[in-house]
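Multiple structures follow.
Presented sequentially are two complexes of subunit A, the first with subunit B as partner and the second with subunit C.
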Partner chain A sequence: MLKSNHSREFIKEERIGYLFIFPALIFMLAFVGYPIIYNFILSFRDVNVTTFSNPIKPFVGLKNYIEVFKDPTMGISIWNTLVFTIGSIAIQFVIGLGLALLFNLKFKLSEPIRGLMVVSYLIPMTVTALLFKFMYSTSGGIINELLMKFNLISQPIGWIIDSKYSMLSVILTNSWVGIPFNMLLLTTGLSNISPTLYEAAKVDGANVFHRFFKITLPCLRPAILSVLVLGFIYTFKVFDLVFVMTNGGPVNTTELMSTFAYKLSFTQFSFSKGAAVANVLFAILFVVSLGYLGLIKEDEVMD
Partner chain B sequence: MKKMIMKSKEKNIILCCMSIILACIMLFPIYWIVVSSFKTNAEIFASPPTFIPANFTLESYTSQFIGKNSIVVTFGNSCIVAITSMILACMLAIPAAYGLARFKMRGKKTFIMIFLVTQMLPVALILTPMFLTYKNLGLLDTVWAPIISDTTISVPFVVLILRTYFLSLPREIEDSARIDGCNTLTAFTKIMIPISYPGLIMTAAFSFLFAWGDLAYALTFISSPEKRTMTASIYNFMGKYGIQWNCIMAYGVLLVLPVVLIFIFLQKYIIGGLTNGAVKG
Partner chain C sequence: MKKIKVLLSCLTVVVMTTSIFIGCGSSTSTSASKAKADSGGKTTVTVWHYFDGQQQQKAMENLADKFNKSQDKIEVQVDFVPRAELTKQFTIGLVADKLPDLGLVDNPDMASFAAMGLFADITDKMNSYEGKDQFYPGPISSCKLDGKYYGIPLGSNDLALYYNKDMLSAAGVEPPTTFDELKTVAKKVTKGDTYGLAISAPKNEEGTFQYLPWLLSTGAKFNEVGSSAGVSSLQYLTDLIKDGSMSKEVINWTQNDLEKQFVTNKAAMITDGPWIIDTVKKDAPNLNWGVVKIPKDKVFASDLGGENWGIIKGHHETEAWEFIKFTQQKDIMNQYCADFGYIPSRKDIAESNEKITKDPIMSVFLDELQFAMPRGPHAKWPEISDAMSTALQESFTNAKTPEQAAKDAQVKIDAVLK
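What follows is the complex of A and B.
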């Protein structure tokens, strides 16, 4: 039925199209699709450093998931991942929006300075993590030195070694990386708002606050939504930054699901448990991604 | 009227000053990494801290070039990984983006969906199964393991932004190429690829940057110190150098240098790519 609707020309064009797409598609299915399935299987078997070289890996059902959830670190890491994600998104969104509004005022240096700020987004995460680790340190760390100079604190704070401040420290670092990303996307959103709207509002006597809450925010809604959802997806899976800065410590206070999964697989060599934790992380991301795809469904991306 | 102009000029100056101050705060960490790399280790711990090195020294740089597995080796490894991954990503992603932009076909939505979803996958999900797979394939501890896995990060990203780029080019270009005797393939290689160079530069830049900055794959899949990339080596320095921050910062500067160079020369392509690619997918 479907086939008869398509002319021979359509079939020919389709075949050529497939030739263009298939190399990339097959590559992705082989090196991303296959591992996802492998990971799923792995999480129901018992694969660790002793059973690894055996040809037959025993099927253990949900045992890995049960054991992982019995481990108090699992609950802590889920909670930490949520705190880390929401904290980072809140900070980088508010500052990113502020900067986007500022640079949208179109003054002389707005474009070059805005461009310059993107650098922090492009620096390799490993370097950012080490740099902030250095700046946070108790001896010679510039952050403590500055805070003491302005008499805000009397003694150096062990930002990343004190369990009270460690989460805050990694959140601030991650926000520093994320601010330019938020700023750029919101700038694009702002530039799509027609200036005539503001002119009309001015004529009607609306002040700055009215204009912000009645025009800017509602018009920016699609951009805000995609920034928040993409921010959630990117932050929820952060690994390198925390791995290098604290490796989950002190005492699990910054342990994220991603670092916990890595630890299980590559420090304790319980590959199956690591796979189980990664699957839980994936499941949460998958649900959020589906929501996001629903959001952009009407967008031109699906042309 | 004159008053109006004055006012906007003043406003301009105030806004410029404000944004310069904000940029200084935001970019201070980058200044700090550079300054610290030129200090002696004693000066690093000086209180109050010095904002300009009192004893300017290149020691932390020169020390990176001596010994086994020096920065020369790791820089070479990083280049091999990043450049190979870039070439692979371009070869796969450019035709795919073009195919998704220009041809009518069944299943197109599904294909786009696959690229969208793979872009959102956590590294932690891929690490364990790929570690075991590379081990079985004998690719573990070779540059190919990080090269392949880095490419899986850049391909979906690049396909999606490049597709919107191809969509923005007028279709008439290919139609007239056809009239002049091109077939589909030659219209793509001889006409579309040359005229879409801004999109292709962006593709190459992003796939290079993704692979250059990767730590997780390089660290997990490569165990021999002489095969390590710069990111994996700087991570291992933390144990070796302890708190010799000036050396770590110098290494960091050398690691960031190619990124900054790419950024300076390709800024407009990168920013365009980020805004296009991220909003739409």
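What follows is the complex of A and C.
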């Protein structure tokens, strides 16, 4: 609407607007832009133990990227990151939506219980990781002890030390952290749906399923979209949880792109290769974000 | 159009201002840290170490205290930095210049940091130092890169085989001395929830450290994992797991976990270093145990552990060297090495210390020291090490056959060494 308004007044106001975002812009450029650019340049140079102290670091073009992609661990880590992200989001979203719907019923104590649910989101990641590491332990870990008490298993399962279960275990842990986040955003979405819609549907004789699929889900679409995309971005770059719980092991079964990049940079001192992996991760997230912006625009046009 | 122009000019301004900020940030912080270091007439020498054991931390503090009381020009201050953080800080510090004056690093990391330019070249200081020829060849070679000295050993350790005397005699066997004997003994003492042998094989430097004795014992060198001898070492250890004599959980155990397995009778034999002796005595005062050299295939082998002092280039180099020389005195070195559970890296000191030569346990570690190989030294050791510990895990978890895992590791190692 305002686009057509090109009066002097407006331009003046717009300039003042720029002035206001100026400090934020400086902040963004210094703390977000600079590292990204630095990392980008680093990935095209050859910086490792032997060249680190040289004053001039040669540009090597795409060599780091080619070498990184030749390393089988790279393919494994991309695949693992995708499995980890999609697995976590699926679990988080389904349970988060279920809980949001449950607490939306506004029964007695629903408010305090919902508040308590958020606790897992508030605990620092490293603490969560350590807690679950103890809980998954084969000697005295509560999960194995309980399962054995109920005779569901006869031998303790090596949740995070057995390559068959390690990925599942970190996904479950990450989901536990992410559920409240999903629940909160979806609850907000739910509270925006006008109750009159449901009343009208009831009068027209629509049952619970009709109301859920025809009213709740379509009206929640924007909220669902943000939850999924934000969840994707958030989960795709998870580092601390996996680093503490399994450090990418056993073998490479839980190696994510983030832990792989860290390992290349800080245990093998191949800084350029580490930067290259980080940039691939960045590129993937960038594309996802662009897609999200596109979808939002589409939604706004529809509105 | 106008909008874009405004935006562009804004951006230019922003970029210019931020570059100024960045410039200011680093220069002010360095001058501040230097000013602080020189206050009070005394020169402060900051030392970073990663020892998280209480006893070791106390030993470090004592060492600094003794030095500070011995003279009035230099004040040594000891700071603990967790190991992963220390490695990161050293590399980041190189760019941001927020470094201590003296650092302690694990000996296989020395070459990498020296190559990156972290440590000062102390060749001249070493050449005029009378104690220079007293070091054991292993420890001192880990301080060298391309013929130059970048550090000096703090103390050394190596791996040997701890065994539970009661369990072995109950099974009617002697402590093993060869690979074959170990295999039989391990099988015989495996009972209930007790495994015959436990080693530590996580996918990091610790795993490589524990694997090397087995590899070197077959006659293979550290860069010959894929040779038939190298493959046989991996096959041997994997077979121990297949036999049921070793738990497959070893891939997740640290060397401290081994100690716990040993004192709770869950492992009859473990390969571990002298630093756990005190803990074993404290955890299980009634346990009847002994130590022998790691059984051999073709030759006895162990590998060298321990840390090196490294003086940070461009910081208080002279003062830090004074402190290092202070630690090299006989009584002082014997004291802190005893606290650490280490062996002095100097022949003259270790071999005149009766607490080591006459002690039934420590003398084994001292004896083993002559077979202890330094890891590398190579600037890209971390990459070589990663290839080895990966092979170990792949083989132990049946992800690959020992042969395939060893061959794949060889390809990676060759790529690093080419």
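In the analysis below, the second predicted complex is superposed on the first by the 275 of 303 C-alpha atoms of A that agree within 3 Å, B and C clash if a C-alpha of one lies under 4 Å from a C-alpha of the other, contacts with A are read in each partner's own complex, and residues count from 1 in each chain.
The working rule: a contact is a pair of C-beta atoms (placed from the backbone, for glycine too) under 8 Å apart; a residue touches a chain by one contact, two chains touch by 3 or more.
Note that this is a predicted model, so its numbers are computed, not measured.
Enquirer: Put subunit B and subunit C onto subunit A via the superposition and say whether they clash or fit.
Expert: In the arrangement built by aligning on subunit A, the partners subunit C and subunit B clash.
Enquirer: Figure out whether A:150 sits in contact with subunit B (first) or subunit C (second), or with both, or with neither.
Expert: Neither partner.
Enquirer: Applying the touch criterion given at the start, work out whether A:138 contacts subunit B, subunit C, both or neither, answering first, second, both or neither.
Expert: second
Enquirer: More residues of subunit A are touched by which chain, subunit B or subunit C?
Expert: B
Enquirer: Given the touch rule stated above, what does A:123 touch, subunit B (first), subunit C (second), both, or neither?
Expert: Touch status of A:123: first partner only.
Enquirer: Examine A:269 and indicate which partner it touches, taking first as subunit B and second as subunit C; both and neither are also allowed.
Expert: So A:269 only meets subunit C here.
Enquirer: Touching A:250, do we find subunit B (first), subunit C (second), both, or neither?
Expert: Second partner only, subunit C.
Enquirer: Quick one: is A:49 in contact with subunit B, with subunit C, with both, or with neither? Answer first, second, both or neither.
Expert: second
Enquirer: Return first, second, both or neither, reflecting whether A:163 touches subunit B, subunit C, both chains, or no partner chain.
Expert: second
Enquirer: Of the candidate stretches 60-68, 78-86 or 204-212, which in subunit C collides with subunit B after aligning the structures?
Expert: After superposing on chain A, the clashing stretch of subunit C is 78-86.
Enquirer: Overlap the subunit B and subunit C contact sets on subunit A and report the shared residues.
Expert: 14, 18, 25, 29, 34, 52, 265-266, 271.
Enquirer: Applying the document's contact rule, which stretches of subunit A touch subunit B when the two form their complex?
Expert: Residues of subunit A touching subunit B: 2, 10, 13-14, 16-21, 23-25, 27-29, 31-36, 38-39, 42, 47, 52, 99, 102-103, 105, 107-110, 113, 115-128, 130-132, 134-135, 137, 139-140, 142, 145, 149, 176, 179, 181, 184-185, 187-189, 223, 226, 230, 233, 236-237, 239-240, 243-244, 257-258, 261-262, 265-266, 271, 274-275, 277-279, 281-282, 285-286, 289, 293, 296, 299-303.
Enquirer: Hey, which residues of subunit A end up touching subunit C in the complex?
Expert: Residues 11, 14-15, 18, 22, 25-26, 29-30, 34, 48-50, 52-53, 138, 158, 160-161, 163, 247-252, 263, 265-271 of subunit A touch subunit C in their complex.
Enquirer: Which part of subunit B faces subunit A closely enough to touch in the complex?
Expert: Touching subunit A: residues 11-12, 15-16, 18-20, 22-23, 26-27, 29-30, 32-33, 36, 44-49, 91-93, 95-96, 98-100, 102-106, 109, 111-118, 120-133, 148-149, 151-152, 155-156, 159-160, 164, 167, 184, 188, 209, 212-213, 215-216, 220, 231, 234-235, 238, 243, 245, 248-249, 252, 255-256, 259-260, 263, 267, 270-271, 274-275, 278-281 of subunit B.
Enquirer: Would you tell me which residues of subunit C are touching subunit A in their complex?
Expert: Residues of subunit C touching subunit A: 2-3, 6-7, 10, 14-15, 17-18, 21-22, 84, 87-88, 91, 94, 112, 115-117, 202-204, 249, 251-252, 379-380, 382-383, 386, 390, 393-394, 397, 399.
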